[in-house]
Each structure stands twice: as C-alpha cells, then as structure tokens.
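Quick notes on the structure that follows.
Chains here go by letter, A, B, C, D, E and F, matching the order in which they are written, and residues are numbered from 1 within each.
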C-alpha cells in the first residue's frame, strides 16, 4: 500500500519529521511517501497561508493519482483543501486534525487541543464544528509558539508539555490532541510525562488511511465528492484543470 | 494482538457470522476471539433487550481483561454498554455503530443508515447525536426485518439492497451504514450492486481497535473513564463487583 | 394511586431516605412503594455501576407491572434504564434527573447541578443533552463526595450547601438541581440557607408521575416505546425474558 | 390552592371551555379562576395579536398577585408574555405550550404538534427551540382552521383528528400535542380514536402549577426573573408600572 | 427615504441621542424620524418592561404605515416586538441587536456584547440564539449600569470602555457590540480607545433599512409575516385592531 | 467609495453581468470595479474549482489593497477564500452567499436557496451552518443547471423560476436566495413572477460593503483576522507572500 503524506508547507525539515512519524506507525507493507509542494508558504499559520497552501497540495494529489497512491494524508492541522482533495482522489484522503479528533473521541469522553499561535485557534474551532466534535472538544489552547519555532526552539517541548498538563487538570480532558504536524515527534514523550493519552494526527491519519484501504473503502464517488467536472483553467493554474 | 469481538446477543450463528466478518479484515497477526454471552436476549431489538444484554457483555469484557485481550469490539449496532465497557478495559473498546459512522464520515459528506425494525431507529438516532454525527447522517431507514430474519430470510438481502439503493437516490447519501451486525456479510455484495460504499461496522470496528493498539492508545484512565471504584455488588451480580 | 419508587442501588438506608422524601410530597391518596433491587451495586458512581444497576431496576419494574403499580420513579440521578423501563411499563416512568431538570426549567432561566464525584459529571452532561436542557443548564459541579458519604459524613451537607451557594453567584443560576438521590433530604434546608430554589429530583419525579396518571397519560405504546417483543433470554437472565 | 388560568384573548366562550378543561383535572382543593382580559384581540393568530394580548395578560397577573393567586396558567399555545409574567409573579407561571411539550417528552420519544392556521407554526417552532424540545418535536402540522372556527365549526374536530392520525403514521410520533387552547376539550376523544396519547396543554399546565406549588417552588427571584424594578410608566399604561 | 427610528421607552433625552446617532450615519436623502411612544416604561430593563413597551412601539409602526415610512428601526437592544412589527409593516423593520450582531459577524470571527444590568443578559442571550449568532458571540458582559444612568452618570463611559477592553483580551473577541441604544453616542470614542471595532446597533440598523429599501426589499408578505388578519380588539386596545 | 467586485472564475461574460448587477444598486458615489482573475477555473462547481479559484481571488485582493479599494465583494456563492481575503484586507470583504442569507433573514422567518448543480448543495449547506443560518434556511434546491448554462441556456430562467415558485409553496419559505452569481440578473423578474422577495447576493453584498464603510467599519485586525504574518512563499506563489 502506497500512502502519500503531504506536508502542505514547503519546509523540508518539517516534512522529514512528518515522514518519520508516519513511518514509525505504518504497517510493514505500507510505503510512506512524505513530500511537500514546491510552491507556497514555509509555514501555515492563518487562513491566508492555508488557502494558498492548497494549490501545491492539490498538485501533489493529482500527481499521486498518476503515481498510483492508494491514499493520502494532509499533514497540517487545518486540514487545508480536504474536500477538494477528496474530489480528486479515488482512494481515501485524511486530514490530521480530523484523524486526531476522531481518534481521541474513541478513547476519552473529552479532549483538549494544544496548538501553536493564538490566531490558529479559530481554524481548529471551525474544524471541531465541521467534524461534529463539539461534544468532545473541551478546549483549544494556544502556546504562542510559531510553527517554525517547533523546529528550532529548545524550549518548545517544555511549553507544550506544560500546556498539555494544564489541559488535563483545568479542562477535565481525558486526552490531548496535538494541534500541529510539527509536534508529531512529541506525542509519546508528552504522554509519558503527563500520564494521559496524547494524539498526534500524523500517525492517526496514516493508520486511518490503512484502515480504509484495507476495508476496500475509498472516497465515495457518488454525489458530493465525485471527480471534478472537466473544464478549462487559465493562467498559471492551467495545468491543474480537471 | 488479541481482539475480543463480542456479539451481545446469545445467537451463536450470528456470532459465527460476525467472527467471519472480523477475521476477513483483521491483520495477519491479529487474533479474533468472537464470542457471545451465555446469558441474555437472543436478539437485540429494543431498549429493554439492549439494557439486559449489557450484563453478559460486561462479563465478557471482565473475562477479556483477565485473558489479556488488547481491545474489544461490541458487535451490536446500539453499541450497548460502551462507556461501562470502556471503564473496565485498559485497551480500546469500539462499538460497531460508532465505527461505521466515523468511517463513513471520512469518505462521504453524508451517509444513510439502513437498519432492521422501525423501533430500533430511535436507538440509532440517539447514537448519531451522541457521536456528533448529525451533520453527516442524512437518514435512518428501517426495513421492518427482525434481527433473526437476517439469519434465515432469503429475501432479506434483497430488501436491504433495495433500501440502500433508495437511500443513495432519495437521501443524497454518499455512503451506506449497515445498521445491524447481522448484516456484516452483506456489505461487499451490496456495495457492488449499488455502486457506492457500504460500511459494515464489525469490520470497521476491528480495524479501529487495531489502529488504536498499534498507536499505543487505550482507553484514557484519566478522569471520566477511569476504572470503576471497588465496591460490593449483591445478589446474582455479586461476581461482577469491580 | 400506587407509585413504585425504585432506588437502583442496594443500600437500604438510602432507600429509606428516598421513601421519606417521596412520601413527604405525595398526595394523600398516593401509595409510595420505596424499594431497591436485591442485586447490584451498593452505590452508583460510574457508567459500569449504572449499567449493572439496570438489571435489578428492570426486575422491579416487571414486578411492579404484576403488582399493579400506576407509575414508577427511578431514583438515581443517572436515570439508569429509563427507556428500557418505559418499554416495560404501561404507566409513566420518570427519572429523577429528568424530573429535576424539567422542573427547574419552569421556574428559572438557568440552573446548576450539584453532584457527587467528579466522574459522574459526564453522566449528568449526557442527560442534559438528551433532555434538551443545554439551554438551561449553566454548570455541573461536583463536590468530590462519594454517594455513601452522604449517608454518613456530617460535613457533607455543609460542603453541598457551599457548592450550591457558589453556583448561584458564579454561574448566574436561578435554581439548583441536586444531583444525587442521596441528597433528597437536603433540598429544603439548603434552599432556605441560600435563598434560591433547590430541587430534589425524587420529590419532583413523584409529583410528575401523579400528574401524568391523573391526566390519564401513560407511556406511549405507539412506536418507539412499545412493549418489548417476546423472545427467549438465556442464563441467569432467563426469567427476565419479555 | 388558587390557580388563575388566563385565556389571553377576549373570547368568553373559549375562556369557559378552558375553565372546564382546567377544572376537570384540578385536584379537589384547587380553586380554578378562569378569566380573560377585558382588552385585546378576540383570538391570537399571529405575532401581532400575541404581542398585544400580553398587556391584558399581565394586568391579570398583577391582579392575581393582589388576590393571592398561588400560580398561573397562560392558556394560549404561543405562551405569550411568559417571562414577563414570571417576573411579576411570586408563584409559578406555566404556559400551555411549554406544559404540553414537557409532558409529551416524558411519555414518548417524539411528538407532533397539531395547530390551527399555517402562520402560527413559526410561533410553535420558536417555542420548540426555546424550550429545548427540538429533539422531541418531530413535526408541526397546521389544519388551516382559524382559532374561532374551533368554537363553531362542526367539522373542526374531524379535521383535527385526521391530522393527528396522520402525524402518528407519517411523523413516527408517539404522542400528539394539541396546539391551541381552543382544542382543550378534544384531547380525550381524539386519543381514543387514534389510539395514542393526545396532550392538551391546559390540563398539563394546571397540574404543573399544582406540582410546583405543592413542592414549595415558585418562580426563582434570584437573578433573571426577579421582580421588575420600580419605575414610572406613562400614558394608558401608567397603571401597569411596576 | 423616510425611516422611523422608534425608541420604545418614553425617555425623550434618549430618543434625542438615538436620533442623533441615526442622522449621523444616514444617507443624505434619508429622512430620520426619531420618536418614542407616549405610553409605557421610561426604560427597558427586564422582560416586563419590554413586553409593555411593545404596545407603544406597535402604535408607532401603525402610524408610520399611514405616514408612509419606508422602513423602521426598533432602537432597544432587546428588539421588542420585532416580528409583530414586521407583520404590520410593508417595508423592512430592523432591531438594533439584530443589526449589531449581523454587522459584527461580517468583520470579526467573534464578538462580545457589553450591556447594562446583569438581568438583561438573558434577553441578549435569547436573541443571540434566535438570530443564529451563537457561533459568533463569545460573551455577554454586564456593567451593572442602569439604562438611565447612561444619560447622567459621568462614570458610565469609563466603566463601559473598561468592560470593552477586557472583552477584547479575555474573550478573544474581535469586535464589540454595545448592548443598549443609550450607548449609541459612545461607539466611535470607545473604538478609538480600545483599538478594535465597536458597533452601535442604531447606526447599523439605519443603514440596514437603507440597504433593504434600496434593493427594493421589504418584509416578506408571503407566509409567516403576512399582515395581521383583521379582527376585533377590545378595551383600551380597541384602536390597535388590525 | 471604491468597491472591488471579484468574480472568482475567469468567464468575462459572467463578470460583466455581475458588474451590471453591482452598479445597478450601488450608491451614486460608489465606484464598482468588476473583475475576474487571469488564472483559474472558467466556472466554480465543486470544492476543487473553488479551492483553486482562491489563488486568483487573493491576488485581486492584494492588488486591490494597493489600488486603494475600500471594500470587496466575492461574487461566487461558495464565498471562496472569505476569511483569507479578510486577513489581507483593511476594509470589509463580503461574500455573496453570506450577504444574501443575512439579508433574507431580515425580511422573512425562513428562506430557500435555489442553486445550480446538485453537487454544489453541500457547499451551500456548509455555509448555512458556518453563518448560523440553519434556523432560517428551510431548503437548498438544485436545478441541475451548470453555471455556464446560465450564460447561454434560454430555458434556464424558466427552470429557476419554477424552482423558486415550488420553494415558496413546498418549503414554506418567505424569501428566495439565488445560489449563483450567474443568476444576478434574474432576481427582480423572478420576484415579480412569484410574488415573493428574491435575493441576489451580488447586490446585497455591494450594499453591505457600502454599509460597513459608511459606518467606518473594516475587517477587525484584532486577533483572528489580523494581517498575515510576513514569511517566504516559494515557487509560482512566491509573489503572493504576505
């Protein structure tokens, strides 16, 4: 099984980290192709970054269809372009926010999300509502860390761990969802430190793609998520026409 | 990995069918232990049946903990005793309704549930709301088939297939969730006939347990789902005291 | 009119207290039969306790139908087995959580629930949603008192009173709902101390059963709550077959 | 106990019918004072009628406080002026829509409302949401009968009965709520004809007032429903100043 | 275009302030008729005040229809009598709470309301829900200022400004909605002090009426908001009969 | 005042039609700049088209900021890129779906949306929920017309008119929202034919921008919608870096 794990930003060190997190949990016969677009933002921290990351992401999905990918992971916690990607893909496409939230709801009655900058909370909030997770999400906490500080800041892990610990106590949360793919390497360690499940969406998403593919389930092509209708696109987007 | 798949009713033929559906999708190294309680209703078709099926179900979970089960599937579409079972278990416990609905929401923007007797619809409706699936569930359709008719009625498959076909057209559903573990053997065939994804909760639940265990995730023991507090139970339930 | 008030746990002193609270408010011609099952948990403090208390509870309902009970009260704040009990009963069945919340919503625009252990809050939370009371319930507060401490702890009343007082101030609540039948004897005194309505579900439930019976209303047997379908049950539950 | 049952329109024949329905269910020691304002609309069939009926209604509540009424029923299905009336009253104030819906939710998993003119449905719809009854209300059906046709039209009962019958079948409703106090005399007969519970809000509201008073519960004067602040009113409303 | 801006209370100084706020934003060709009823409460601070203010308000709307008003603003933050007024009017009728909330939702992902007395918060809360603004309203804050203190209290502006400032910080609000027409003169100054948009409903409502009229849109007379049915009214309300 | 009205697809004839609809309602001093991107899809009929239209749309917004636009209209009923555009803009940005729905909720208690292809309904459905319009939206109806058929198909107007007429009758809608900017020229005529308000989002959005600008309100730069953080973008998107 070939799973394409797409980091929608263009920071290669983050793609590497994501790829490692994916491979760590993948089944022996699963091939993980971790990649990032050659165009777009170096990090995704607002609606604007997110909207523009979608171009490169969709280009990777298109390419993946040609290369025979069996499924896809969108490795940014805003799940950018999720439904558009599903229209393109025959197999399943899973966002890491979606994956982490669904997973958390299966092992706890409530979870808290620990994310990066405060302004990304609204993005997480909308996903919580879109995915029907309002009942389960007890809080969305920001750490005021920028995404790329996760790559470099030696204090970042400590800050995140403290926020997770507080979430358990103050929010009455039974589990933590890490709100950025740049935290993918921290889940296990933080879980051990705070004594509660901590969920990284990259791992959860990879396993959900495996689950769906092994059940013979791809994106439904009946109705809302059917392949895009063929039509001309113009300008620098011409090559992306469906 | 040892997964105990519990059919909460006492009909052995249904347990066999469920076991086969579970083994069909399980990973090579997964051991499926399909069982049913030695006490309780032969089929579950109302709140009363469901409430009493929970005793035997929980006894099986207790036994599973002793035997070293890594996780559990509750193979009845009402997900009876789900949170109580989670309190008992160290590993994950997944209900098949929950599994099927979450799975469907990942591959379609909306699904319809096709179930047995009309009076079971209210049970499914409450689960839809409990799991945050109101946005995704477009309809709950009953076939007026009793659970045990699925074991014997040669017309049953035809009736169910027709209901699924109508759901796609009339409800604008992108996927079908089969609303009874007694339909576990039908998903693939119906999917081919109607040309849309059809999800059997037994298979989906087995794979979700595998997913959680492989990610090192069990039921959160922090807070709401902690182990039951030790205390005396009396009468015929004495042996079930936590 | 004969109302069976069932304490679903097996602690006789609590049953006595509940019976007294019921008789205190019952109409002159109402006969209160306070009882508890001979099997099951001594107190109900989690999903597991609750699930297993249902067996004895339903046995009492069955017996009540034979004895000619006109209606029933389920005297545990989790309202265990409510819909199953309704399927069995011709007359009305009222849970004390349900009774207290509906009552509170008629005299205040918002109420807070004061309950026992922190882990029971999730049970109350789900009932709030099931009963459509999210608009009215401003908070669910736990006192970290175990159910049986209410029987013995001389400090319990003080702790509960303080929590009620804070709820009025901090939650902007207009009324308090006591979240355990073991608090049934405290409502009047606390109400006087804090100067706000305090609602005990046992009393409210008894009066709601009287109300329904006097209006000629029993549980609807059309559709979802019809009598359970007759079928075999096996093992130690054989005698409970519908 | 003295309960003032206020028909907010000025049609005396309807007040009489409402009074009879109230007395039919009242406890032996309950005194029912059925009345209607001397000002306002002859029937209430839109927001405008409703808004202006409130003046006379509140005047009756004020008078009731002077006369020592223990509680009040607002006998119009729009529950006009409910919260304003509660601010004035020491005892409980119950609207018949509120009473009927709460009652229905205790004996069935879903109910349908059968009302008069189509344009009144929006009023019922808003009450359903305000009272948290969206989960329970399966449909709101209009009969295109004007309120005063219920006083005179010999066909009215037949039309209403048929609508109730259809609600049971088509809406999967377990109980019917009659959506106008002018139907208060029909509940028992229709219930017998259609074989399902039919709830008249007047009777239900009278019993709820009795319930609350007997439990020592009046309108909470802590916070939102405290007595109106004393202040000048001018013009023809001068005498209504709090 | 002639817009009638109705202050539903009888305090002329407040009407003047409202009229000034309206004229400040009105288009050059818009004629603002600011008025208040000659009957009713001097200020509106609870459900009772609100209910009785509606009589005078509706009388003004009736008069406005005769005088050829093109649209109406209800200049009290509880939007009293809004739907009744719409039934009377051919043109649009806009409440200032409604106007302010809709406006805020177009320029920020979340807003907080800053209002007067604590007991008015429940009124604002219900409007938030009625208008579908729950997603956008992050908090409703009271200042414990009475409405008429806004006319006289030199400290009022300072208190309100501080509450607005805290809302931005503590509620993560992007905009402030002022919760009383008596604050109509403060929006610009507070906005400058706190560095965030502050919305006065009077101005927003005037502009929304202009918007609707210029688009040729009045209140829909199809269905729910059709003109009231002609019928007798009695007593002091006789002249208000539709 | 300069308002940039951006048709996010690349079909110039549609841009012209949109420009005319905008100018028809704009205030005398408003300058309408109707444009479309030079890159992207010729029509927007699914999530994929929508996602890719956002690039060109955001480029136009960036350009608008340089050119001194006072506000923006996104003239596609999916409101693509709305929040990203708001981050870029100092002034207000209004989507036509948003504009039409808010407007409709001010003149009717319920509206229906009449849109193009069936697969676009899910996009409208999500906007309904995002904007808090679930209470007001009674139905979303598709006509099975492709967007560009609106440019050429002489039958299109008739089909749309019939669908609108049915919506009024079958959905109990008081107003119609046209679900595509390609229908912008039809609103007035259809309204006259069906005798109910029909709302074109282009006109409504232009007037809302005028409203906000005239009130001195732009997009809140406090918190969630602050300007994007400056950072590198790579590849063909380099020039779009914030």
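Simple rule for what comes next: contacts are C-beta pairs under 8 Å (C-beta built on N, C-alpha and C of every residue); 3 or more make two chains touch, one makes a residue touch a chain.
Keep in mind it's a predicted model, so treat the numbers as computed, not measured.
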item	value
CA centroid of subunit A to CA centroid of subunit B, Å	28
Geometric centre distance via CA averages, subunit F-subunit D, whole Å	44
Sites on subunit E at which at least two other chains make contact	83, 86, 109-110, 118, 121-122, 129-130, 135, 172, 223-225
Chain-level touch network, classified as line, ring, star, complete or other	other
Pairs of chains in contact (touch as defined earlier), listed by label	A-B, A-C, A-E, A-F, B-C, B-D, B-F, C-D, C-E, D-E, D-F, E-F
Complex contact set, residues of subunit E against subunit D	10, 37-43, 45-52, 54-56, 58, 81, 83-84, 86-88, 118-119, 121-122, 126, 129-130, 146, 223-226, 228-229, 231-238, 240-242
Of all residues in subunit F, those that touch subunit D in their complex	109-110, 135, 172
Of subunit D, residues touching subunit F in the complex	118, 121-122, 129
For the subunit D and subunit C complex, residues of the former touching the latter	25, 27, 83, 86, 92, 94, 98, 102-103, 105-110, 130-136, 168, 172-175, 188, 191, 195-197, 199, 203-204, 207-208, 210-212, 214-220, 222-225
